[in-house]
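In order of appearance the chains are A, B and C, and numbering begins at 1 in each one.
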Amino acid sequence: MGIRHLIDFSNIDVARWNELVKLTNEIIDSPQDFASACKGKVLATLFYEPSTRTKFSFQTAMLRLGGSYIGFDNAENSSVSKGETLRDTIKIVNNYADIIAMRHPYEGAAYAATLYSSTPVINAGDGGHMHPTQTLADLTTMMREKGTLEGLKIGICGDLKYGRTVHSLLKAMSLFKNNKFYLISTESLSTPKYIIDEIVKSGNSYVECDSLDKYIDEFDCLYMTRIQQERFASEEEYLAQKGIFVLDEAKMKKARKDLIIMHPLPKIDEITDEVDFDPRALYFKQAKYGMYARMALIKTLLSEDFELPERPVPSNLNNVFCSNHKCITRLEPNLPAQFGGEEGARFCKYCDFEAIEWR
Amino acid sequence: MGIRHLIDFSNIDVARWNELVKLTNEIIDSPQDFASACKGKVLATLFYEPSTRTKFSFQTAMLRLGGSYIGFDNAENSSVSKGETLRDTIKIVNNYADIIAMRHPYEGAAYAATLYSSTPVINAGDGGHMHPTQTLADLTTMMREKGTLEGLKIGICGDLKYGRTVHSLLKAMSLFKNNKFYLISTESLSTPKYIIDEIVKSGNSYVECDSLDKYIDEFDCLYMTRIQQERFASEEEYLAQKGIFVLDEAKMKKARKDLIIMHPLPKIDEITDEVDFDPRALYFKQAKYGMYARMALIKTLLSEDFELPERPVPSNLNNVFCSNHKCITRLEPNLPAQFGGEEGARFCKYCDFEAIEWR
Amino acid sequence: MGIRHLIDFSNIDVARWNELVKLTNEIIDSPQDFASACKGKVLATLFYEPSTRTKFSFQTAMLRLGGSYIGFDNAENSSVSKGETLRDTIKIVNNYADIIAMRHPYEGAAYAATLYSSTPVINAGDGGHMHPTQTLADLTTMMREKGTLEGLKIGICGDLKYGRTVHSLLKAMSLFKNNKFYLISTESLSTPKYIIDEIVKSGNSYVECDSLDKYIDEFDCLYMTRIQQERFASEEEYLAQKGIFVLDEAKMKKARKDLIIMHPLPKIDEITDEVDFDPRALYFKQAKYGMYARMALIKTLLSEDFELPERPVPSNLNNVFCSNHKCITRLEPNLPAQFGGEEGARFCKYCDFEAIEWR
């Protein structure tokens, strides 16, 4: 069986990933062969919070496959403002569109959509949780530019605590072997323990440090990220931290000639203007790879046979609920609570947060 | 001569309706035969107030006919905010689009558009007045699911006073024979007299009652509607009324096995979660029928030859004006006042409200 | 070499203009021959301020060439609200779209975009500076309706001081010979000196007057414009001026039978309702000509080979900067300052304002 949806990477193993990479490469090498691949198909871009870049990437991907799109990018202009549930919105949009790309400020929203959707759902970002097509863009970039996803030395710099693109990247790269991650951040924005655990479990290695300079001469890839002001407790803390990890010409001089610099974009001031003109700056090309990866993903998902899912069954646990106040189950009380995990620990299937129990 | 516009049902007789139904059925049965039916044609969706669902339905209908769309869904982002009249907007859009679907908060706006439009206009909702393509969706659903539009027992529940979809449905079903309507509402939200008069005149029958339970075992179709908070005088009144006519499992147990439940959507809490999973719940499928009906409508209107209308002539009545403060003639003073009706009574041709006379 | 971008008319000479006119005429005469001319191509409409009419015109032009579009019409729903520079936005959109049409409230924004764009950029309005595709519409209208762009007597009425469409029109028409311009405005809204200078330099002639009546019997073309309230210092000043230059039936009686009335639209009350129904009122047809002219422009720009521009070099002038506080270089400090002009005078290459020097 193939892939139904793309919500996180839990249902993507190396074999499936390799198929996606292969198709992406075919599209990059001769896009004209795919210009009618999804003719007559309609993509719905449901953006409950704005993200022009991601929306453009999906829409263009669909157009370049010969399909078309409908969508909204502002929940206030939609039926949502009339009190409609996510479930109803999805069941309606199922009638119009053949595939859905969805961004939502609440975590687990895309997973929630899959419970009721008779068409494939692509997670285009659910709060601070996951943004898997950004990761597709990242891996495609490394694969095309480095020729492999194994044995790489990858610097990752910025907000490693809250940055969902970083978390997704580390999880995805842990599927591959012999990579070494240099986790560069201040202490207060360092990588969460569960991500470190996954790296260790996968047999890859890592170093944590608080300097972009220190190991820059070793990197095959440097993944820069933005520090989002809204993640900080105060403006003071933001101002104190934000300037520390800026990539500039001085640092670039120490770096290898075959380094590739990546960034999920948009960037603000974490990379100086000059660096944009350095041939090692790959982040704009990375965005184009993202479009090709989305083309491959859309084509793959639309190739599968697809039926309405069974009615979802709630986990039958008394007094247990998700501890995450930004979980979609808090916003939409009609969603069935679902928990998974091994004995003793329980995690929300929507947002991966720990469950808590009322006593 | 065929249909130029679809504003209300005054220009749709049973023969034309049957043609539309026939075409809708052909499209449902083999949509691929119509995938290029409107190739090269452009639909303009002019949504002066947001309605994601209706907009999606029109846009998808056009896409699935091989056409494309332009549009706005927020008058504030349009030239309207620069003081442009509806007339000018229509005359401009005529240059770009081959057909217009228009939603407007003022009553009679779609009719006003037809006075100046050299392309077909579809009323996608004008204030509380008409929403004829919703009615197309409703009738298509009953035709497909019940095989007939005659001899049906139809429960209609909710806000029957202000609900424009209910008014349109009752007017349209009055074209057919031997139907019985069960009008279920509180007294303060009961069906207006002019609608009751039309039912009586048509030879169909009706019962009014204030309980959803009472006749539920008799219905072929149950049409549920939302009670819009904004229709109530106070929040207290809203809270007191809104819960009374909820469709739940207990009531469903009394209903017939071949009942179909319909709803114009979006719904809020007038139907319980459980009922969504009952196979008799047809409202999501109804939305899909709506898309097919819009495809048939768009194709039909685009098949007609069409010329710029003559300059509209105002009714020459001194000191007479429309009594409806939400009539489009109030918002757009350059529209020619037009009144119709038999001796003694005069009705605004835009919004169907009674005219009043200054003395 | 052909045209790369359309920013103002500085790179359009009479020969290129004639090619555009020729292609526009071919499209008007048999649009079906061009229905697949841009198949597979994607237009991005980047509207940093709303303009439904212009956006519709570009989008429809692209659709009628067989292409498709992506876009935003509200910068607040875009990545711009996250602090992204115009440069980054353009470099990203380059990955998705084959051609860009851009409107921006800051002057020089479209020129700024061309510095970094690997795809053609069309200026769809940059503040009060330029709106060249409106001028294409205007010239196409005169060419089609009058058969020539030479030897015309052209009345231009309204806000001649701030009206960018008027400035563009006068500059473009100065490329042609033996035209006479009647510049009709109040003294406080009269034509800027640099425009008058261009008319004189071109060998065409002009008259300034403060009455729409005076020469109306001489005009081949009358170009009416809106007086934008936001251009006035106070509401009082606005109310005092706005009614003075209204075109009404009385004035139309004095005008020639073969006059054509033009207007960039939207209009408010500078033309009375009655005049709309006069066959000499060409402004709605003018909008349609605008769509055809944009089709010709898009097709022309997409036919050129195109490479990423060299890195732009700043004018190396100490302490010199643009005097215009609405210049894009004020909003985007990373743009390289560029000045041109002969000895002694220096003008900003973005917005054409004079440079000033700090001492």
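Following the convention adopted for this analysis, contacts are C-beta pairs under 8 Å (C-beta built on N, C-alpha and C of every residue); 3 or more make two chains touch, one makes a residue touch a chain.
Since the model is a prediction, treat every value here as computed from it, not as a measurement.
Least step count on the touch graph, chain A to chain C: 1. Judged by shared residue numbers over all numbers used at their interface, chain B and chain C contact each other through mostly different positions, with under half in common.
Annotation: 41 Å between the Cα-based centres of chain B and chain C. For chain B, residues touching at least two other chains, in rising order: 68.
On the side of chain C, the complex with chain B involves touching residues 35, 50-53, 56-57, 59-60, 63-64, 68, 73-74, 265-268, 273, 276-277, 284-285, 287-288, 291. If you check the complex, the residues on chain A that touch chain B are 40, 42, 44, 68, 70, 72, 76-84, 87-88, 91-97, 311, 334.
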